[in-house]
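Each of the two complexes below includes chain A, the first together with chain B, the second together with chain C.
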Partner chain A sequence: MNDDQNRNEQIPDTLTEKLREVASKTTILVPASVDGAVLAQAKAHFVQISRERSKILRISWLAAAACVALLAIFGIRHLEHGRYERADIDHSGHVDILDAFALARRIQQGSQQGVDVNGDGAVNKADVDAIAAQAVKLKRGV
Partner chain B sequence: MKRAWLIFIIFCAVKLCGQELATSFRAVDIFIDSGNQALAAYQLTFRGTNGSVKIVGIEGGEHSAFAEPPYYDPEAMQKDRVIIAAFNTASADQLPSGRTRIATIHIQMQSGQAPAYIAQVSAAAGTDGKRISVKVNLVERTAR
Partner chain C sequence: MAASDRRASLRTLAEHHDPRSDQELIAAANAGDAGAFESLYFRYRDWVGGLAFRFTGDRDLALDVLQETFLYFLKKFPGFVLTSHLKTFLYPAVRNLSIAARQKTRRAQGDTPMPETIEAPTPSGVGPVNEVDAVLSTLGQEHREVLLLRFVEGLTMPEIAEALEIPVGTVKSRIHNGLARLRADERTKNFFEK
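The block that comes next holds the complex of A and B.
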């Protein structure tokens, strides 16, 4: 029963052929208003995509800039901390005039064990002065 | 009547401005007593305690080893607190021992206010760089 029904519902091959022929020869006319509406919607869609992309790009740039700024801040802090640690010649845990004095004595004795505190490639009086300046520096708010 | 009030207000303003500008300058000598040990290095904090002291100058001490002005933060000028420090790598016979003036601090004060300041030594060392115990005292210089 079902087989008979399916057979009846199938489009005959000849008819399919004829319909294909007609479809290939006929041009489908789309009204200009519909065409315009589709085009407008397509444009709006692509504008939205482009906006979203630029928004994502902007956020990415902001995030990158924030990362660079954070790295710079931490880098400077790390550098300052490193300099501070280097200036603690006598390893007392803090920088005071005795560190400058210790370095000055080493330099006077011709020792090569000095620390290049100011990073100019030489260990000399400038390093001693740098340590002394650090020792007497007033901390803000204190 | 109006003129009298105006004169009175101007008089008060001039009086107030005059009071604000009335300041005096003083010099405070800082002495360190290292006992019988030679003093090779020191660091101390000088601080005004009543809010009326402004540091306006710092000069060295009397002994040739500390005659040069000590190290200090230039930011301390016009403030009431300064850390001063100095050292000398000379041998013990060229360094002071006992009580010696190591620096003088010049201060500006508001007239009519009693001077109030303190000094605290944070480090002092002998010729070998080892910490030594010292005493500090402040003496306001009188006009000579």
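The block that comes next holds the complex of A and C.
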């Protein structure tokens, strides 16, 4: 807005006061009952909003928990599958009791080449047993 | 109204003084803070009530309009976005609800429904409070409203235009014509003399 327009809309303070008196003549006092009615509806409205948000939050948490569970199951299976793929010591294309024997021979010979099948940080008889157990499970078709 | 009601009303206003800005209160209300809406209610209650009384000319109708206005405002949460002064949002709501209330009253009384643009009757029992009011009463309500919104409520011309849903040029024209009438009238020209 330019200066001319600014000057046009300026009025003396005394006139502003008179206009305030004009505005205040229509002031009405609002009874407490009206306040109460409005605020009661407001309270109910915000309670309803809060309930809906809690419901959405609960559903979101459940969905997130389900995703985490699925990821965990998938991850564990993938990890196990990966481990047992590595347990194919003789590279025959499948894991069987011969792989268990092969790992046992290596361990007996003091070889460090092996597979930590059970994930305990060591390559030892426990891994041989794990391969044997897996081989039996696979044979059974479990 | 009884003096005790007047005291109660003023006490309630004082109890609900909230230092937060309108934007902050609206953000809080959008986040689910009922207290923030309460603060907004008390901040604008009297203004809405007075405006409704100006439009309806009847105190009981004005109180009904006041309630409906704030319920209309309440339903905007969550998700209300304040784009300018809150009065620019409330003003058309009060005006339209007042027109609807008056139409409903007239229908109930068996009168012919009036067009939406007929100006509100003078509030019963309220005459001119000063010489300025007396001169402004010779102008249409639309001129009075623009002058009050500009010089009492402190709204800018674009905000007034938005509130009244008229072009800015029309706002400027009404302000100019209103002030010209005050300058020309014997009763009020002295305000402009130095």
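Simple rule for what comes next: the second predicted complex is superposed on the first by the 109 of 142 C-alpha atoms of A that agree within 3 Å, B and C clash if a C-alpha of one lies under 4 Å from a C-alpha of the other, contacts with A are read in each partner's own complex, and residues count from 1 in each chain.
Definition applied: a contact is a pair of C-beta atoms (placed from the backbone, for glycine too) under 8 Å apart; a residue touches a chain by one contact, two chains touch by 3 or more.
Quantities reported herein were computed from a predicted structural model and do not represent experimental measurements.
S.K.: Once the structures are superposed on A, label A:19 by its partner contacts, choosing first (chain B), second (chain C), both or neither.
M.R.: Only chain C is touched by A:19; chain B is not.
S.K.: Should A:46 be classified as contacting the first partner (chain B), the second (chain C), both, or neither?
M.R.: So A:46 only meets chain C here.
S.K.: So, A:135: does it touch chain B (first), chain C (second), both, or neither?
M.R.: In the superposed model, A:135 contacts chain B only, not chain C.
S.K.: Just chain B (first), just chain C (second), both, or neither: which does A:104 touch?
M.R.: In the superposition, A:104 touches chain B alone.
S.K.: Looking at chain A, which partner touches more of its residues: chain C or chain B?
M.R.: Touching more residues of chain A than the other partner does is C.
S.K.: Is A:96 contacted by the first partner chain B, the second partner chain C, both or neither?
M.R.: A:96 contacts chain B only, not chain C.
S.K.: For A:30 in the superposed arrangement: first (chain B), second (chain C), both or neither?
M.R.: second
S.K.: Common interface residues of chain A with chain B and chain C?
M.R.: Chain A residues touching both partners: none found.
S.K.: Touching residues of chain A toward chain B in the complex: what are they?
M.R.: Touch residues, chain A against chain B: 90, 96-98, 100-102, 104-105, 108, 129, 132-133, 135-138, 142.
S.K.: Where on chain B is chain A touching in the complex?
M.R.: Of all residues in chain B, those touching chain A are 40-43, 70-73, 75-76, 79, 81-87, 89, 122-123, 125, 129, 131.
S.K.: Provide the residue numbers of chain A that touch chain C in the complex, in ascending order.
M.R.: Against chain C, the touching part of chain A is residues 1, 5, 8-9, 11-12, 14-16, 18-32, 34-35, 37-39, 41-43, 45-47, 49-50, 53.
S.K.: Going by the contact rule at the top, pick out the chain C residues touching chain A in the complex.
M.R.: 1, 5-6, 8-9, 12, 29, 32-34, 37-38, 41-42, 45-46, 49-51, 53-54, 59, 62-63, 66-67, 70-71, 74-75, 77-78, 123, 126, 129-133, 136, 144, 147-148, 150-153, 157, 172, 175-176, 179, 182, 188, 191-192
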